Each structure stands twice: as structure tokens, then as C-alpha cells.
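The following pair of complexes shares a single chain, chain A, combined with chain B in the former and chain C in the latter.
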Partner chain A sequence: MGNLINKHQLKNFGVRTAGTLAVPALFVVVIFIICAAQGVMVLTSSSLFADFVCYAAIVTLTTFALSINLGSGRFDFSLGSMATLSAVASAQLTYSMLGGGAGSGIVMLVFSVLIGAVAGAFSGGLYVILRIPPIITSLGVALIFEGITFVLTNGTYIMSEVQNDSMTLFRTQWYLPAVIILVALAAVYFLFDRTKFGYDYKALKEGQKVSINTGIREVPNAVWCYVICGALMGTVGFLQAARNTYISTNVLNFGSISVMFTAFLPMFIGGFIGRFSNDKVGYLLAGLSMSLLNSLFAQLSLIGIIDSSSRAIVEAVLLVLFLIFLNNEQTCRDLVTGRIFKKWAEAARERKAAKHSREDK
Partner chain B sequence: MEEVLKSRSGDAVKKQKVKNIIIMLLPIAALVVLFAVYVAIILANDYNLAINLETIVNQAIVLVLVATGAIFIFTLGSFDISLGASTLFSATVGILVFNATGSLLLLFLTCIAVAVACSLLNSVLSSVFHLPMFVMTVAMLSVLTSIAGTIITTNSTSAGANPAISVSDSVLRDILGSVDTVWFKVLILALFAVVCIFVFNFTKVGRRQKFLGGNPVCAKMTGIPLSVYGIIAFVMAGIGVGLGAAVNVTYTMSVSTGTASDIGMSVFIAIVFGGMPISGGARSRIYAAIVGGFSYIILNNILNLLLSSVDGRYGYVQIISAVLFLAIVYVASINYRVKHLPR
Partner chain C sequence: MKHLGKKLVACACALALTGSMAALAACGGNGENDEVRIGVLVSDVSGEEAVSFRNYYTQYIAEQYNVTFTYTEQLNDSASEIAAIEQFAGQNYDAIISLSANDRASQAEACEEAGMYYAIASGMDDTIYETYKNNEYFVGQIGPSMSTEYEAGLAMGEYYADKIEDSVAIYGAFIPNPMHVYRMAGLLTGLGATYGGATGEAIVGAIFADSGVTASKISLEGKTVSYLAGFGDSTMTEMGTIIATDPDALLSVGMATTFFSAMLNEAGIPYADIDSFTTSNAANMQSGTLEYLAGKYTSSIGPIFAAVYNAVQGNKIENADGSAISISQDYWVATSYEQFEVFQTSDSVTDPIYNKELLDTVIGEDVTYEAFEAFVTTDRTPQA
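Moving on to the complex of A and B:
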């Protein structure tokens, strides 16, 4: 009996591990093959590795933020505008206090998270007060935040405020964005998987009416979700400023929305991985995979094989292919095992038999 | 007693009907008020009214054409955020064809054919592979923007930092100029609106689409196929996008990577401004796109005129129009409040 349990547990562990690592492993293998075929190498220097971790942090945190509200059926177009607004406001605030001197980076990060959280609270507050569909609220909020960003800067680039040694550390030292990823992962895991707030969130996500009838308070839960999204996007805004060494603030007329589109593929990959382990771990692994792909694209663009347009097309095609797989998993499995041909043959036989029986009658 | 109850319930029904009519007319009344305010500001500042009205039509026409076609998609409770990218791609192919042939008819036909093909690809792929429509349109947005960007960069006729394909031949510019009139654009919009109103209000297509948008489960159980009506909706949207792209080429005589970049999202604003719920269903109206599109553009122009001397005015204009947008949606949705938070 004990042996049976051990065998079962072992098999279960094997399946879960394989399922968790399958997609990242596939990314690594494919990227390795492309590198070998094209004669390029990724992550060959410490600066490239630091950029890899920084981009992974940006993608992972955006994916966390996107999945929190989208998972509950709340489509949020304002994520990008929250990131830009927090980055701009925190950069100006920090620069006015420290003038780009020592400690600017960490102070800007703190301000960025706080301003992001306030922006999230504003967005969530507006949603629960107005009680109009979140997709519409988020459109209005995105326009307001973009407008505020423009007013703060008159549509110019933010350069000197983020170009200092303290900010450069977050771009060149890999452990700093790595710490940000780990802190964000721990915070999101704790909040959504280990607290009453998280249990309420999951209950509301699965059955809104039933949860409300059982006494769960939806309004504060929704507002806190927006606050957490805002704080995450504030961090994303800071990381983008550190990585790009400037902030583009001319984002009027929904120019900020594209940020959220980068997180769709990792969100679906993370959701798939989450079936075998935990969705937050899934988002992290997906973020790392996407960042590795980004490093490959950077190397391929250096030798002129790929440009930004082809890159966007490849990412969009990957998204569609992965979704086709997710939504037709059984068919894909049958195709791989060859069972689909048997099914087709059986269906053809049945049609033939039905035809014969009709003719006999 | 029964009579009293009957008369009371009759009064309640009447009151509700009046309320519904007021809410239905609210967007039209808002458009009239906005138009009156705009005209008053123009006249008070001694600006040329005819030129300013022409500007309004030129700014609004592409948005209104695209939004009118998109009503069919929104009615199903679905949405397409690749409409702007589709407009850009159609206009890019259209201007290349026009530069090569000099034919206006081919410009319009190419734009419509390309836009309908993009729309069909969206809907067919999503129905064949059971993909969520909005994610499919996100992917399409990236693909179309990138392909159009590559075509524009490769065939760019401008030497500056912003690549663009222009109609530089003077004969061809004259041909485009001959149709770059308010009357031609209004005629195109009127014809398209009549076709859409006919399909939407006088055929089973519109009725069934409203049913599918209002209650997809019930509609499916009565045998209405979502895939068929989804494809029809995307074809109609494609025609709107194609017309919008062609009209845009006749007006600007060039296409750059920034062409129609905000159309995809502005369509949402226009439709909601026009008094239609984003969730679609029975309250969907074709006129919502026309009323909402013009209201949105007039409002932005009013704010631009009022804040013309303020630093960072574009930011303020956007903030104020967003606040007004949310306020209008809030007022328009008062009748449809539910206990729990909407999703």
C-alpha cells in the first residue's frame, strides 16, 4: 500500500514538475537551436544578463497586474497610463528632493510604488462609485492619467531626472530587479493565496452573486485589487524608466495602452503552468521565458535578421498559436498520438453505416 | 381595487416609457447642445464658421465610419481593438494601389477588400479554433501595425524621421482633391448608414445579433449560430473600416505609421457617448456611432478653443473630455444599475 502511495505521489510530482517546466524548457530549447543555427549567443555579458532580469521583472509584474483584474472579468486599459504617470511624478518629485544624487533610485522606486497605489485606488474608487462597466471606467481613467502626465511635463521627454548613477544601478546590477521580482512574487502570493482578502477574491472570481450573498464584501475587495495593480504598475514604470534611461510622456489618445499587450502571452502561459503548480510561479516562469526571447531578438537584430516589426509579428503569432493549443488541447493531443485519424476513420465508418441503413430502409 | 392597481401599474409603465425616451434622446440632445456651443464660440471669436465645420467633418468622418460598422460587433457583446490597425493597413495598401493606378474606384475597392479580409481572418480564426475574440484582435493589432509599418518604411516618400507614403504626383493629387469635399464624405457616410440601418433594423440579422448580445445562451439554444452572425458583424465592420481608410487617404493624401492610431479606442468612446451600452444587446443603435462620434470630436474642439492659451492644453482637454465622458455614461446608465459591481 505504502509503495502504491509513493508511486502515485511520485508520478503526481513528476507530472506537476514536467507541466511546470515544459513551456520554459521549450523556450530554452528553441532559443538554443536558433542561436546555434544563426551563430549568436544570448546573455554573454553581465550587462546583457542584467537587462534580461530587468525585462523579466517588467513583464512579470505587468502580467501580475493584468491577471488580477482580468481574471475577475474586469478589463483594465489604464495599466500603462498608471505606469507612466507614477514614473513621471516620482521622477520629478525625487529630482526636486535629491537632484539625482545618491539614493535617488531607491527613493524614486518607493515614490513610484506609492503613486501607483494611489492611482490604482483612484481607478478602483471610481469604478465602485460610478458602478459602470470596468472597461469603460478604465478608458476614462486612462485618458485622465495620460492627460495628467502630459500636463506635468507638457509632453516632453523626462531625461535628466532619471539619468543618474543611482538609477543606472537598477539597469546594470541584475540582483536589484531580481530582488524586486522576488518581493513582488512573495507579496502577490501572500496576499492572494494566504489571506482572507485572497480567499474572498477567489470566491468573487468564481461566483460573484453567491459570494456576495454569503457576506463577502465585494467593494473593498475590488478597490484593494486596483490598489495592488497600481503599486505593481508603479514599479513597472520605475523599471522602464531605469531600463530606457528616459520616460516618453507624449502618450495622449491611448498611447499608453500598448504596455498591457506585452503581458497577454505570459499571462496565458502562466495560467497554463498554474494548472501544474501555482499561477504566480507560472507568471514568473513565463516572464523569464519572454525575457529570454527578448534577448534572442536583440541579438538577431544586431546581425540584421529581425527588426522590431518582425518581432511584433512573431510574438503575435506565438500568442495565437498558444491560444489555439489551449483551446483545442484534446485535438492537439489526439493529433500527436495519432488518435485523431482513428476518430476520423470511425466517424467515416459510422456515416457509411448510417447511409447503408437509410438505403436498406 | 383592481382598477386602482391597474391604473397605478399603467402610470408606472408610462413613467418608465417616458424615462426611457428621455434617456434615448439624451445623446442627441447633448450633440445639439455641443454643436450650438461650438457655433457660438466660433461666432464670438469671429472665426470662419464654414472652415471650422469642415474641420469637424474631416476629423470626425473616419471615426464615425469605423464606429458605425463596429456597432455590429459591439451588439454581439464582443469588441475589436484592432480597428485602428486595420484602418492603417487598409489605407497603406490603398494608397499604394492608388499611386500605381490613379483610380479612385480601385482605392475604395482595395481599402474595403483589405479591411474585410482582415476582419474575416479575425472572426474565422476565432470561430474555427474557438479563440477568445478580444485576444485574437490584440494579436491582429500587433500583426497589422507591424506589417503596415514595414510597408510604409520600405516605400516611404518622406525624407524626415517619420516615414510616410504620400501621393506626390500632382495629377493624382487633383483626382483625390476632387472628392475631398464635405458633401462627398457626408454622402459616403449617409449611404453606409442607410445600409447599416437597413441590415440592423429591417432584417433578421440585426434582431438576431441583438438577441445574441443580450442573452447568448438563450439565443444559442433557439438555434441562432453565433459564428455566422459573428462573421456578418465583422464583414460590416470591415466595410466601415475600408471606407474610413479610403476617406482618410482622400483627405490627408498620405499614410504614416501614426495614421488612425487612436481610432480603435476612440470607437469605444464614440459608441458609449452615443448612448449605447458596451455590452451590446437590445439597446444597440446604429445612430449611436454617428451621434457619439460627432459629439466626441465637437467636445474636443470646444475644449481646444476654450483652452487655447493654456500651457499643456492638450492634456487638460483630454482630462476634461474624459471626466465628461464618465459623467455622461454614469447618467445614461442610472436606469440599469445592478446590486453587484458590473463586469
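Moving on to the complex of A and C:
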């Protein structure tokens, strides 16, 4: 009996591990094959590895933020504008205090998280007060935040405010964005998987009406979700400023919305991985996979095989293929195991039998 | 009686509303005062050069002349340019000055249709100029012509031809933007490189045919050439890869000082760009590794304003054959901080080279094309 349990546990562990690592492993294998075919290499220096971790942090945290509200049916277009506004305001505030001196990076990060959280509270507050669909409120909020960003900067790039030794560390030392990823992962895991707030969130996600009838308060839960999203996007804004060494404020008229779309593919991949382990771990693995893909795109771009427009097409095709896979998972599984051919043969036999039966009659 | 009272109030309201609308229309008609209203189309609202241009118009020119400048938001495509022109036309603006190059042909046609004067404050494609030069409302273009852009790239390439020993990195900015294509053709020629076998100005056609630069087609004998363009999620990774190869220099046809200056300064890699004489570029040249900058200066857009102002006042300046003006402006080139500083201090929003006193010499009824052309082409490069 003990052996049986162990076998089951072992099998279960094997399935969970395989399911968790399947997509990232597929990414690694495909990227390795493309690299070998094209004679290029990725992550060949410590600075490129640091860039890889920094971009992974940006994608992972954006995916966390997107999935929190989208999982509850709240489509949030204002994520990008929150990131830009937080980064711009925190950069200006930090620069006015420290003038780009020692500690500017960490101070800006703290301000960016706080401003992001406030922006998230505003967005969530507006949603629960107005009680109109979040897809509409978030569009309005995006425009407001983009407008505030423009007013704060007079439309100019933010450059000197984020170009200092302290900020450079977050771009060149891989462990700093890695620590940010781990802290964000731990915080999101704790909040959503280990607290009453998280249990309420999950209950509301699964059955809103029933949850409310059992006494769960939807409004504060929704507002806190927005606050957490804002804090995450504040961090994303900071990381983007550190990585790009400037902040583009050309975001009027929904110019900030595209940030959200970078997280769609990793969100679906993360959701799939989450079925075998934990969705947050899934988002992290998906973020790492996307960052590896980004490193490949950079190398292919340098040898003239791909450019930004063809990259967008490749990413869109990947997203569509993954959605097709998710919607036809059983068929795909049958295809891999060969069971689909048995089903086809069986169906053919049934058709034949039915035909004979009609002829006999 | 009660109904009559209601009707009277309704009539009074209708009359008041009609009166107000008529008054507003009269105000918008620009009939009673002589204020000139100019709409400015821009595709860049954030760069330091764009901001200094805007400040020169809105803070200096607007103060000196009875002119209002209204800037658009960032225009990313032809449709947004046309929409902006239509909005200006709807508010009876007098003229449009374009700093946005998505679709110059459509801009010219839209302004003609709306009966607004149209001018270009930068270079323009010769074919488009030839098509629209006899358009009644086309004032013309003043700015670096495409051949000037080519020459700017050529000068940069020649400056670096002997400095490049092993490898060079080239940033193509936003090719196939024509301005960047011509600069790139000049740059490759100056370096002594070929592009898919093409040399000299033939490179322009080859790049347009490819709708961009194909890195593998660049050939520079005995030297390695790395190429990148545009700006997206992977651009910083690409630049990181290039920096890891330690090129002798990075040569850019635009925007490198905005996107990459921090990385290049840190890595100690010399770089060159075609941009403008801004504060951040001064810092890059003084304490960073920026060593060559070809740039425009803030008040270089003064002459096109003078041409537009004249046209609105009924004194449109035309070539001898009656067509719109087309005058090229050269870039200034700084290869040292001292030179840069002279350029930077010689022209500012508060004390521009093209100040009112100078502009007034070509504003008026008796200004001839010859005088205007001489005014624009006079070398005003400050001397150290």
C-alpha cells in the first residue's frame, strides 16, 4: 500500500514537474535550434544576462498586474499609463531631492511603487464609485494619467533624472532585478494565496454572487486589487526607466496601452503552467521565456533576419497558436499519444457499420 | 398667457444663442484684429530639439509679432496629420508650418483644399516639391534639403573613415524615413563602404528598394560593421550586444544621443550623431564620449516663419518662375566641447540668431526672392 501511494505521489510529482517545465523547456529548445541554425548566441556576456533578467522582471511584473484584474473580468487599459506616470513623477521627485546622487535608484523605486499604488487606488476607486464597466473606466483613467504625465514633463523626455550611477546598477547588476522579481513573487503569492484577502479574491473570481451572499465585501477587495496592480506597474515603470536610460512621455491618446499587450502571451502561458503548479510561478517562468525570446530577437535583428514589425507578427502568431492549443488541448494530447488515430479508426468503423445497417434495412 | 410667456422666453433664449454664435464666429473669423494664427504639425514633441523649436516660436516669435502658434500632439501617421489640418482649417487658421513628415503630399493637398498657407520647416523630397511647387497656398520649404542630409552623413563618414580600425557600429534610427535614408547613404559613402554593391547616391535608391538597411549588404573592406535601427523592446539588448564587441565608434544618423548616450558614455565608446545643440548633448560632449555632432540650432526655423508671415500678409515670396521657395540650410558641426559651447551660447530662445531685428529685414512688401535667398543662405556659423 505504501509503495502504491509513493508510486502515485511520484507519478503526480512527475506530471506536475513536466507540466510546469514543458513550455519553458520548449522555448529553450526552439531558441537553441534557431541559434544553432543562424550561428548566433544569446546571453554571451554578464551585461546581456543582466539585461535578460531586467526584461524578465518587466514582463513578469506586468503579467502579475494584468492577470490580477483580468482574472476577475476587469480589463484594465490603464496599466501602461500607471507605469509611465509613476516613473516620471518618482524620477522628478527623486532628482529634486538627490540630484542623481547616491541612493537615487532605490529611492526612486520606493517612490515609484508608492505613486503606482496611489494611481491604482484612484483607478479602482473610480471604478467602484462610477460602477460602469472597468473597460471604459480604465480607458478614461489611461487618458487622465497620460495627460498628467504630459503636464509634468511638458512632453519632453526624462533623461538626466534617470541617468546616474545608482540607476545604472539596476540595469547592469542582474541580482537587483532578480531580487525585485523574488520580492514581487513572494508578495503576490502571500497576498493572493495565503491571506483572507486572497481567499476572498478567489471566491469572488469563481462566483461573485454567491461570494457576496456569503458576506464577502467585493468593493474593498476590488480596490485593493487595483492598488496592488498600481504598485506592480510602478515597479515596472522604474525598471523600464533603468533599462532604457530614459522615459518616453509620448503617450498621449492611448500611447501607453501597448505595455499591456506585452503581457498577454506570458499570462496565458503562466495560466497553463499554473494548472500544474502555481500560476504565479507560471507567470515567472513565462516571463523568463519571453525574455529569452527577446534576447533571440535582438540577435536575429542584428543579423537582419527580423525587425520590430516582423517581431510583432511572430509574437501575435505565438499567441494565436497557444490559444488554439489551449482550446484544443485534448485533441493535441490525443495527437501526441496517437489516440486520435484510434478515434478516427473507431469513427470510421462506426460510420461503416451504420451504412451497412441502413443498407440491410 | 402662461404659454405665451414660455414662448417669449424661448424666443429670447434662441435670439441670445444666435447672437452669441454670430459673435463667436466674428471672433474666429480673424477679421477685426490682425493676429496671425499658425498651426504647427509635429511628429516629435519630446526631443530637446523639438522643445527648443517650440519655445522659439511660442516664447520668442509670438512675443515679437502678433502671432499665435498652436502645436499639435505627436502625429504618427498621415491620417492624424490630415485630421490636424482639418481642425486648424475649421478654426480659420491662416497657415500651417509642418515639422511632421509622414505624408507631405497629403498635407499640401489638404492645406490647398482648406485655403491655408502651407510651409515646411525642414527638408522635403524633391519629387514632392516639384509636384506641389505651383500650388497657390504652398509657401515652400526651408531646412536641410535631402542633398544636405546626404552631405551631413558624408561629412561624418569622412571624419571617421581613418579612425575606424577594426569595427564600427551604425545606428539607422528610423529608416526608411527619407531624411535618415539620405544621411545613411552619405555616411556609408564617407566611410568608403558599399551597400549591396551600390555606391554614392545610388545607395539611397538601394535602401528605399529594401525598405530599410539590410545589415549583410553593408561592405566595408577589412572592417566589421554592426547595424541596428528603430527602437523597441530588444533595442537595448542589441546595443548591449554591440557594446560587448567594443566597436571603434558608433555612428548614428539620428536619435542615438537620446537613446544610447548613457550606455555609450559608460562603455567609453566614441559616438557621433546628427541631432541638435542641446544641454544634454553638451554634457555628453564635455564629460561623455560624444565626439562629433552635426546639428540644427534653435532659431534655424526663423526664416520659414518670415516666409509664412509674408504670405499671410499678402506678400508671398516666390521664385522667378512663380513657384514656391525651396532653400536649403546647412548643419553646424562640433567636434569639440569648446566648439559646441560657442554654438550653444550663440543661439537661444531669449537671444536667437534669427532675432526680430534680423527677421524684419525680410518681412515686408518689397522683399525679393533674391534678397530672401541670400538672407537664408548667409553663413551664420558662430566662430570660436
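Definition applied: the second predicted complex is superposed on the first by the 336 of 361 C-alpha atoms of A that agree within 3 Å, B and C clash if a C-alpha of one lies under 4 Å from a C-alpha of the other, contacts with A are read in each partner's own complex, and residues count from 1 in each chain.
The criterion applied here is as follows: a residue touches a chain if its C-beta (ideal position, glycine included) is under 8 Å from a C-beta of that chain, and two chains touch if they have at least 3 such contacts.
The structure presented is a predicted model; accordingly, all values stated were derived computationally and were not measured.
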| item | value |
| --- | --- |
| Which superposed partner A:N154 touches (first chain B, second chain C, both, neither) | both |
| Partner contacting more residues of chain A (chain B vs chain C) | B |
| Partner chain(s) touched by A:A316 [first = chain B, second = chain C, both, neither] | first |
| Which of chain B and chain C A:N253 touches, first, second, both or neither | both |
| First, second, both or neither for A:I136, with chain B first and chain C second | first |
| Chain B versus chain C as contact partner of A:T337, first or second or both or neither | neither |
| Contacts of A:N12 with chain B and chain C, given as first, second, both or neither | neither |
| Which of chain B and chain C A:T214 touches, first, second, both or neither | neither |
| Interface residues of chain A shared between complexes with chain B and chain C | 154-155, 252-253, 255, 307-308 |
| Of chain A, residues touching chain B in the complex | 72-75, 77, 126-128, 130-137, 139-141, 143-144, 146-151, 154-155, 208-209, 212, 218-219, 222, 252-255, 257, 261, 264, 268, 307-310, 312-313, 315-317, 319-320, 323-324, 327-328 |
| Residues of chain A that touch chain C when the two form their complex | 44-45, 47-48, 51-52, 55, 153-157, 159-160, 163, 168, 243-246, 248-250, 252-253, 255, 262, 294-295, 297-299, 301-304, 307-308, 311 |
| Chain C - residues contacting chain A, complex | 44-48, 51, 73-74, 212, 214-216, 226-230, 232-238, 240-244, 258-263, 266, 280, 283 |
| Residue ranges of chain B touching chain A (in the complex, touch as defined) | 125, 129-132, 134-136, 138-143, 145-147, 149-150, 153, 261-262, 264-266, 268-269, 272, 277-279, 311-312, 314-319, 321-323, 325-326, 329-330, 333, 337-343 |
